[in-house]
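My questions will all concern the structure given below.
As written, the chain order gives the labels A, B, C, D, E and F, with residue 1 at the start of each chain.
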Amino acid sequence: MADNKMSTRDLRAYFHKVEALHGVTLGFAANRVTAIIGPSGCGKSTLVRCLNRMHEVVPGASCTGQVLLDGEDIYAPAVDPVQVRRRVGMVFQKPTPFPTMSIEDNVAAGLKLNGIAVSRAERDRIVEESLRRAALWDEVKDRLKRPGASLSGGQQQRLCVARALAVEPEVLLMDEPCSALDPISTARIEELLLELKENFTIIIVTHNMQQAARCSDFTAFMYAGDLIEFGETRQIFTTPARRETEDYITGRFG
Amino acid sequence: MDNSLPQHTNRQYEEELRGLRSGLLKMGGVVERQIADAIESLVERNTGQARETIERDAEVNRMDTEMDERCIRLLALHQPAASDLRFITTGLKITTDLERIGDNAVNICERAIELNEEPQLKPYIDIPRMAEIAQTMVKDSLDAFMRDDTMLAQEVIERDDEVDRLNYQIYRELLSYMAEDPQTIPRATRILFVSKYLERIADHATNIAEMVVYMVKGSTIRHMEKKKA
Amino acid sequence: MTPTKSLHSRRQFFRKVKSDVMVGLTVLATVVAVAPLFLVLGYLISKGAASVNWNFFTKMPAPVGQPGGGMANAIVGTFELVGLACLFGVPIGVAAGIYLAENRGGVLAQAIRFSADVMMGVPTIVVGIFCYAIVVRPFGGFSTLAGAIALAVIMIPLVTRTAEEMILLVPHELREAALALGVPRWRTSLLIVARTAASGIATGVILAIARVAGETAPLLFTAFGNRFWSTSLFQPISSLTMQVYTYAISPFADWQRQAWAGALVLTVIVLALEFGVRWLTRGAAQVAR
Amino acid sequence: MPRVKTRGFSVRAVGDRIFNLTTLAMALVILALLAGLTVELFRHALPSIKAFGFGFLTSTDWDPTTDQYGALPFIYGTAVSSALALLIAVPLALGVALCLSEMAPEWLSRKIGFLVELLAAIPSVVYGLWGIFVAGPWLRDHLDPLLAQYLGFLPLFQGPQVSVSMLTASVILAIMVLPYISAVCTDVFRAVPRSQREAALALGATKWEMVRMAVLPYGVSGVIGAIILGLGRALGETIAVAMVIGNSPQISASLFMPSATLASVIANEFVEATSALNLAALVELGLVLLVFGLALNIAARLLVYGATQRRFQKPA
Amino acid sequence: MADNKMSTRDLRAYFHKVEALHGVTLGFAANRVTAIIGPSGCGKSTLVRCLNRMHEVVPGASCTGQVLLDGEDIYAPAVDPVQVRRRVGMVFQKPTPFPTMSIEDNVAAGLKLNGIAVSRAERDRIVEESLRRAALWDEVKDRLKRPGASLSGGQQQRLCVARALAVEPEVLLMDEPCSALDPISTARIEELLLELKENFTIIIVTHNMQQAARCSDFTAFMYAGDLIEFGETRQIFTTPARRETEDYITGRFG
Amino acid sequence: MDNSLPQHTNRQYEEELRGLRSGLLKMGGVVERQIADAIESLVERNTGQARETIERDAEVNRMDTEMDERCIRLLALHQPAASDLRFITTGLKITTDLERIGDNAVNICERAIELNEEPQLKPYIDIPRMAEIAQTMVKDSLDAFMRDDTMLAQEVIERDDEVDRLNYQIYRELLSYMAEDPQTIPRATRILFVSKYLERIADHATNIAEMVVYMVKGSTIRHMEKKKA
């Protein structure tokens, strides 16, 4: 895996004194979907939140070790977390459209932070492109001025994807993006992943093994804060190397 | 829900299913050609072609492994159910038959090479006919599989009797040859084996057809509207 | 990349500085806002502590010019007024709160909820006038009862709304769970929903008590004040607040000193109630977690 | 196993009915109180309303000796003191609310939040006392000269500097309403889901940009509601104001001068009312206060409902 | 299916004027697990809530048609809904232990709240038996006095099962009982179903098809307020009779 | 996670898996017995036993269908993955082989009945040996399957050569018989077929063994700690 877009080295995360990740070393291939699976509390969400320095937003949270993005450590002292988050976008479990903004304002929300003032036309172009990429354009193009909260749950989640894409991140983190959605919306998001990976590196946390099986290229299995196994998804799901993975995947736990 | 058959919302799944389908069809095509080539090499006493055919069996084996892997991957990654599941499990079983048919074609070629080293015992009449029937049985059984066509599958199963009849006829005929002239015994037994191989091939085709019937059987209680593609 | 990058990073720097400045301003605002609390408490202690002694709690007010004396009648009066107000206000408030929570969507409930909210904003002096009109006038004089009713009128909407909100915080699922066990609706409401919200409701009641204990305006022309012991519900009665008010605006240094002492005692009582609530809710917060 | 009991009218249903009726009766008390309040005030103000009509609101004449009553000085005093109090309190309150909800760590936020609550809990008479003896003199000796020196060109800051004045009343009022406004604002900001903040941060927002993007817009109607609520408090505050404003029924441009508010004049004169008309005029002042109060509260509640009711509107 | 414990006949449910169930006729076999599946909003929860008259608890909700329990219509005018709910227990999506009560009080809540006087010994016996049936006894027997909320999510859900069992219902309704739980707790609940069905008739709503496949004997597929297909689970999942069921089960929706 | 192999938390799944496992073992046992009985009926010229054996084939077929259904049910209802999935898919493919072995046993019986109608051509020496080898191959291949034992599977695959050698030896021998006395030709060809059937049976066993290797192969890269039960 020479072309890792991101990687972690001996990443340890803490909540106050408690170590939640016990030294994870892992690479995320560029333009691939990497799924992180494992039982509740295994640290998969914590791991992914360390990748764009959202972990430290939680009071009392800290981490050690390295997280490399294109070979640069995002935890180096000179690095501004705000800049990291621009390059590593994130979509959360629950859809989080800004309720006071219209659909297009939601998508353009990140642009305002972008610094360089964008022209109206440029902004419209970016909004359209982002919505297209998030496979939402056709559904909302006639009501861009309507509030983002007027959309259905699945649409809201795709709106959040569009919003994250509008700032042109290189990596997209998704923290259980479908756990609040019904099967149909879930299927839409899963399909979206396939298209997005052509342009982005995607890392998705899911507690749904089948989802990881369906839509990821690589799978990492975590347990109790340790990375137990990492490999190609088809290998993990047909011939896992570790007994723990095997047990989890075949439903023998505890 | 509208009336056109909706696609899978999971495109990757859809593609993998389609890949399996076309892979199986392709494998069927190769196997059919193996039978035809094997018989041709026998009838036309073409040792070179026989050798080529034998070599080509590696491809069949490779495809067999590949199809199995596809099936297992589909099962592991996409948790198919209902018609998809029946399709995949049947596919998993059919590959074995197709691979064995390929093996039988190889066996025919081996006998052909041996036979080509000696003068021809008699002109082949029944053997090519048998081969042709066996070959169409293979083709039809696969078609039946792809189309969930129990009628066609039933027909294939019935055609097996014809092959058995021909096999017996050839056996009788060869027995008389051998009885008349013990010199012919080695050649006759070889032809006997070829006939046996063809019968085997027909058996495998019958087996595929039976599995198709079994696969669809569960759904005979169903309205006949289901699955067109 | 290079030219835009420098521009970029200058802007990044600006954004960061702006953010830091705004954070600093909010911290400053907080310091400024909280400062009066310590100033007030500090002055109360420095000016009032000296006069808070045994006599203050046991003796009656002394006439002008005569040193010593206490506020025994005002302290008792405060408790009497607040106690009576609770007697009227709490049952009505809690029951009304339950009603509002039980009938969330109803038109009548919405009207009542709105009225309660509006009532909370009615100036307390107006409540005083109201009670003057409905109690003092018909009964022919200022009285303990009138004062207590005025405080109760102030309490009721407070208790009602906190009770309602606390009950609404009880998850809907809990109510359904009880109903699904075959428990009748009224038992569910009382034994599960209200019971679960009990500590929150108690909190609301205590806060309401703290609030009315510090009220002066509605008492001015209901309870009126009394330099002596009040012997009947239909006699005027004194309270700490009124006593402090009267002494504070008087020109006499002795009385002003007494006012500081009264204010200190009053504040201690009210803050004690607040700390009590804090202690209560801390327990509740732990259960919730 | 118990069968479905087919009793006619079960005892349980009766229990429900009794329970419903009892709570309903109690709830209706509130409605009755509000209605009674309005009606009674109107009834007792009637003589004054009849005597002065609309002129009551525009006349500056308040003279019990001649039985002439006009409310304008009090309305003016109330309006100016409240407006000034809000001017001081709102920015501070917003700062406190943002600090508590966004900046401070949770343990500290809880402690400071409690202090702010205490600020609200201190009885107004105590503030009045403190205003008379501490804040008023301090303002007169330290702040007033400064204001007069640098802003003296404004009529607001001219004239003699006394400790009981409009300015003192406004500062005391500001201290008193600040905790109310900041408490509501803190609630409103805290009601902004954590996910909204994280969404903004994940887009690459700085802390302040996060506040601007996710917190303020979400809470804007709630903040306005809180301000109006604070205004309502300031309007109705009686004792503290009565103690520090000087109770002089005059309209003066200078904030250094004594003044009076609707509430303070009622508190001062109600018991000593010299005539029935005097009493009615005072009640009418109360009525004016009530109407203002109601109007503001209705406006505020409508806004605050919009901002905070969201979290209660979980599907049934 | 002669031995149906419950059945519905042309059951229609309404929210205000909107019909959410369009005439469902369905039988639930005694001592079997019947799963109800279907996409979000298909009416599966509404259906199950009609079975113990919890539907009418929602303001504006009503229904027509019959629901028979042992052949008696629970919507007959003379029937007290409170009695129905004693016989038809229910477990909800989120675990709902009563927070003010200890574990044992939670289990005994159904008795206590109804003012049914039982001796201390009898009560203890019922608590123990119910907890055993809910496979929770061993985990909590040493801390029966601790608050119910001190348990983990999965344990809380089993506590709710125990509480429902303590009033000796005949039917147990479960409305997505595992959707708030992690896979391990989910597996525990699923296993529990197998044991419970020996004594109870179980009806479980789930949006997780695989869950229905794993643990039910019969499956009903609903779509847009209609019952599309009902049959043995193995038949539904291998050879469904209806195209709609087939499409849903194989993941072809919309 | 502790070190003992944890049970499935889903007991029903566990039971179904166990059911499949024991069903396959039972089917294997029946098939082995079919081979033994077929050869016994041939060697001891016991037509009655041959007929009984033929009748018993229906049971094998029934088991085949049952095992397939079990596999499909497991796949449809429990979404197995990893080792469970490989076990079930291999099971699905193995049943076909077992069923074919049963068919071959029937074929042997049919030839035995025919042979019993005529005097014995020669005492059977190699045929029983071959049968014994084939039978143990079937047994061992199934054991290898149940235990994920690639060593044993490899051994089975190697033993196939021995069967082929014996088959060729029998073929040579029979050729000489036939050449010497044309009278023996019908009988000899029948014995030839029996030898061929046994070779087929060995082939099927080999096939099972190969599938076991393939099934475990994915895991050769794995640490060898996995799966003990």
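Keep in mind that, in the parts below, a contact is a pair of C-beta atoms (placed from the backbone, for glycine too) under 8 Å apart; a residue touches a chain by one contact, two chains touch by 3 or more.
All of these numbers come straight from a predicted model, not from anything done at the bench.
Undergrad: Touching subunit D and subunit E alike: which chains?
TA: A, C
Undergrad: Sort the chain pairs by how many C-beta pairs are in contact and tell me the top one.
TA: Result: the chain pair C-D has the most contacts.
Undergrad: Tell me which chain's centre, taken as the mean of its C-alpha atoms, is farthest from subunit F.
TA: Relative to subunit F, the chain whose C-alpha centre sits farthest away is D.
Undergrad: Provide the C-alpha centroid distance between subunit E and subunit F, rounded to the nearest whole angstrom.
TA: So the centroids are 48 Å from each other.
Undergrad: From the C-alpha centre of subunit B to that of subunit D, how far is it in Å?
TA: 90
Undergrad: At what distance in angstrom does the C-alpha mean of subunit F lie from that of subunit D?
TA: Centres of subunit D and subunit F (C-alpha means) sit 91 Å apart.
Undergrad: Please tell me the distance, in whole Å, between the geometric centres of subunit A and subunit E computed from their C-alpha atoms.
TA: Measuring from centre to centre gives 35 Å for this pair.
Undergrad: Out of subunit D, which residues touch more than one other chain, so two or more?
TA: Correct list: 12-13, 206, 209, 316.
Undergrad: Enumerate the residues of subunit F that touch no fewer than two other chains.
TA: Residue numbers touching two or more other chains: 9-10, 13, 72, 76, 78-82, 85-86.
Undergrad: Hey, what residues on subunit C touch two or more of the other chains?
TA: 15-16, 184, 187
Undergrad: Applying the document's contact rule, which stretches of subunit F touch subunit B when the two form their complex?
TA: That would be residues 65, 68, 71-72, 75-76, 79-82, 85-86, 89, 92-93, 96-97, 171, 175, 178-180, 182, 185-186, 189, 192-193, 196, 207, 214 of subunit F.
Undergrad: Would you pull the subunit E residues touching subunit C in the complex into a rising list?
TA: Contact set of subunit E toward subunit C: 52, 54, 57, 59, 82-87, 89-90, 92-94, 96, 98-100, 109-110, 113-115, 147, 149, 160, 163-164, 167.
Undergrad: Show me the residue ranges of subunit E that touch subunit F in the complex, using the header's touch definition.
TA: Within the complex, subunit E contacts subunit F at residues 184, 187-188, 190-191, 194, 210, 213-215, 233-234, 237-238.
Undergrad: Can you check the complex and tell me which residues of subunit B touch subunit A?
TA: Within the complex, subunit B contacts subunit A at residues 9-13, 72-73, 76-79.
Undergrad: Where on subunit D is subunit A touching in the complex?
TA: Touching subunit A from subunit D are residues 105-106, 193, 195-206, 209, 213-214, 217-218, 220.
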